[in-house]
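Which chain is which? They are A, B and C, in the order written, and residues in each are numbered from 1.
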Amino acid sequence: MTTTAKRIWQVMVVASLLGAWAIAASQSLIVRDVVGDPFAVVTQLFRLVGSGEIFRHLAVTVEEAVIGFSIGAVLGAAVAFVLTFVPFLRRLFDPLIGIIAVVPRIVLAPVFMVWFGLGISSKAAMVATIVFFIVYFNVDAGLRSVSGLLIDRARIMGADKFAMTREIYIPASVVWILSGLRVSVGFAFLGAIVAEYLGANAGIGSLIATAQSLNDPNAVMAGLVVVLVVVVPLDRVLTVIEARTTAWRGT
Amino acid sequence: MSKTEHILSGPIGRVAVVVLFLAAWEGTARLGWISPFFFSSPSEVFDVIRVWYARGHIFGNMGFTLAEAFIGLVIGAVLGTAIGFALAFLPRVAAVVEPFMAIMNSFPRLTLAPLFIVWFGFGMAPKIVLVATFILFMCYLNAYTGLRQVPPELIDRARLWGATRWDLARDIYLPSAASWILTGLRASVGFAVIGAVVGEYIGGDSGIGFLILTGQSRLRIREVFAGLALLLIAAIFIDYLLRRIESYLLRWRAEASASGHQMT
Amino acid sequence: MRAPESASHKPPAVELRDICHRFAQGGRDLPVIEGLNLSVKEGEFLSIVGPSGCGKSTLLRLISGLSPPTSGAAYVNGEHVDRVRTDVGYMFQTDALLPWRTVLDNVALPLKLQKVRRQDRERRAREWIATVGLRGFENSFPHQLSGGMRKRVSLACTMVATPNIILMDEPFSALDVQTRSLMENELMAIWQRERKTVLFVTHDLEEAIALSDRVVVLSARPTKVKAVRTIDLARPRNVLDVRSELSFHQLYTQLWEDMREEVLSGYEQERAAARMQGADKQ
């Protein structure tokens, strides 16, 4: 199939789905009440963008994600390093980390709501916790993957512990942080938005949550379209970065 | 390694570390070094669980949450595997649909929860749909990858032995994809529980997530911790069960290296 | 299509007529095989050697019907190959075992696909497992076996389907030297007993000489038959002992002379291809 034919089919699939939705919504009040109406969703989007309201909310969500991501990534990498170089601590903490790892971190959101309230800090804490574990496991795997052979070679060449850290361990872990980047950025946004659902006064998640509580499907859809427009392209870009930076690993 | 370290790394050591952690938590709470409002204490959390148990809160809510997770998991797994097979065998359709699947896959699907609640109300249905959307993509990706990773020699050889398309699907493609799907499923179970619990956070009137959320809204951290502890126990139990099932079904695979030198 | 007439009364087991084969590679049309003719007698053990990338494996795929030639035709027992030949055995470089099936189930698979009754296929599979020396491993999974043992299973899989013609594509190249000699002797013993027609692709001249009745040397791309040498060493052979015979060395020298030029030009082609790939990437 040629690329053009493929594109035409893709446009037709989207158009027919939207068309079916629009027709159903125009014919039935129940459909309109439950799943909304595509034209109303578009109107909502225009209103959100036109009034600038959306940018205020986006800025809050991005801020939460960025703060949380930075804290989580730095702590995750640091803890992985410490536990790798101090085996005693690793034996002490491995069981606890293993247990916490079984629980999906996002369910901890209510804890942070109690601890930090409705503001930005509770969301940043949620994001930091999620990112911490992703980065910790990635860097840990990266440090483990530094093969004994490589270390032996470096030692024969006369590398001391500092040289080894600089030349081998840090490059290895940086690449593994990058390789987890796409996943962790996605989860950073997810964590921020879900935490906003549970209680917030600003952010994309709170926008959607408010619409939900008002039972307004059009506004919920409009909010989700904004998430789609922000997150999906970001994910594409990060996929490319990930592929480039990890090319040396083969697959 | 010294003797203490050796003991620590064994199973007894693991339990000991957890007990030690709980003791430290309890001790610091009793001594008033940490705020009971923010951190509660193991004994308080245990009390909450005991009261819930006495009032019959636990089994109903746990059953509710696990039922959502399980039904969603089954629906998602069946649909996802079916889509994976369909796309692997219909490359023309795959070419058209693949970009949509990629977009949906990189979309944080958990954020769809409010939408499903508006659509399906506050009962089990929106959580089941949320879990199913979650699992569907994981199973689709695993099935699709598994099917495309079948070594061509296997197919060639089977064709030379006179295998029909049906033979290939049953004897080669399905078992080959099964190992991917099963591995994916075990990873998915955690996500299924998250889907159910987060769905309950966002709108619901029963389930473990609802218990936790109620605790949050009353600012009672001990109730939040109690709910999380129940989830933790359930998660560990389910994970153990699935490991056993997986290692039985996939006993033909080489054991993952115990030395911990795995790449991912 | 009617079978082509041949000199003897019986048609050759395998015949290739004016085979041309092209690959589309990076927008360029690459002729791999050009005007290749070859005839293999029934019960003959024939090895095919040639520089890397000359399309040795492609030849086997054409004979088995797994891929059609661009032009020309292959005949098996006088029949034009126009579909997958289910009466041909094929051994790949990889062992191509199903990892989720036990040794017994792997060896029984070809019989299952040929709709042989359950009891019969189990009996026949067990016989072949014993023949290749794996009695006691019937219920092991492939990952529990060594490379050499997996190769034996693969051989049993190939033989159990009672093919008339066996195509082998560097089957032992992944094995270590000792295991390899053992497997070669085993193959010789089986061949001596069954007298099937074997086409054996290898890049190892010594292996080719030690095993074969005839050795075909292919040229570098575009591939034709460069030389055909008859190996008149006595049978039955031991692949290790035969290497110390004087005529073995004469044959080796002769074949190496045939090949030298082709290997060098094959090497040049690979380097040129690598350079082009490098240029494409930039």
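What we mean here is this: contacts are C-beta pairs under 8 Å (C-beta built on N, C-alpha and C of every residue); 3 or more make two chains touch, one makes a residue touch a chain.
Small disclaimer: the values here were computed from a predicted structure and weren't measured.
Participant: Any idea which two chains share the most contacting C-beta pairs?
Facilitator: A-B
Participant: Using CA atoms only, can you tell me which chain is the most central one in this structure?
Facilitator: B
Participant: Using mean CA coordinates as chain centres, what's the chain B-chain C distance in Å?
Facilitator: That pair's centroid distance is 48 Å.
Participant: Can you work out the whole-Å distance between the CA centroids of chain A and chain C?
Facilitator: 52
Participant: Return the distance between the CA-based centres of chain A and chain B, expressed in whole Å.
Facilitator: That pair's centroid distance is 18 Å.
Participant: Quick check: what residues of chain A touch more than one other chain, meaning two or more?
Facilitator: none
Participant: Which chain C residues sit where two or more other chains touch them?
Facilitator: There are none in chain C.
Participant: List the residues on chain B that touch chain A in their complex, please.
Facilitator: Interface residues on the chain B side: 1, 5, 8-9, 13-15, 17-18, 21, 38, 92, 95-97, 99-100, 103, 106-108, 110-115, 117-119, 190-191, 193-194, 197-198, 201-203, 209, 212-213, 215-216, 219, 221, 224-225, 228, 231-232, 235-236, 239, 260-264.
Participant: Using the touch definition from the top, list the residues of chain B that touch chain C in their complex.
Facilitator: It is residues 151, 153-154, 156-163, 167, 171-172, 175-176, 178-179, 250-254 of chain B that touch chain C.
Participant: Where on chain A does chain B make contact in their complex?
Facilitator: Interface residues on chain A, with respect to chain B: 1, 6, 9-10, 13, 34-35, 87-88, 91-96, 98-99, 102-104, 106-111, 113-115, 141, 144-145, 147, 186-187, 189-190, 193-194, 197-198, 205, 208-209, 211-212, 215-217, 220-221, 224, 227-228, 231-232, 235-236, 239.
Participant: Quick one: which bits of chain C touch chain B in the complex? Just the residue numbers, please.
Facilitator: Going through chain C, the ones touching chain B are 64, 66, 84-86, 88-90, 92, 94, 96, 98-102, 109-110, 112-114, 141-143, 157, 161.
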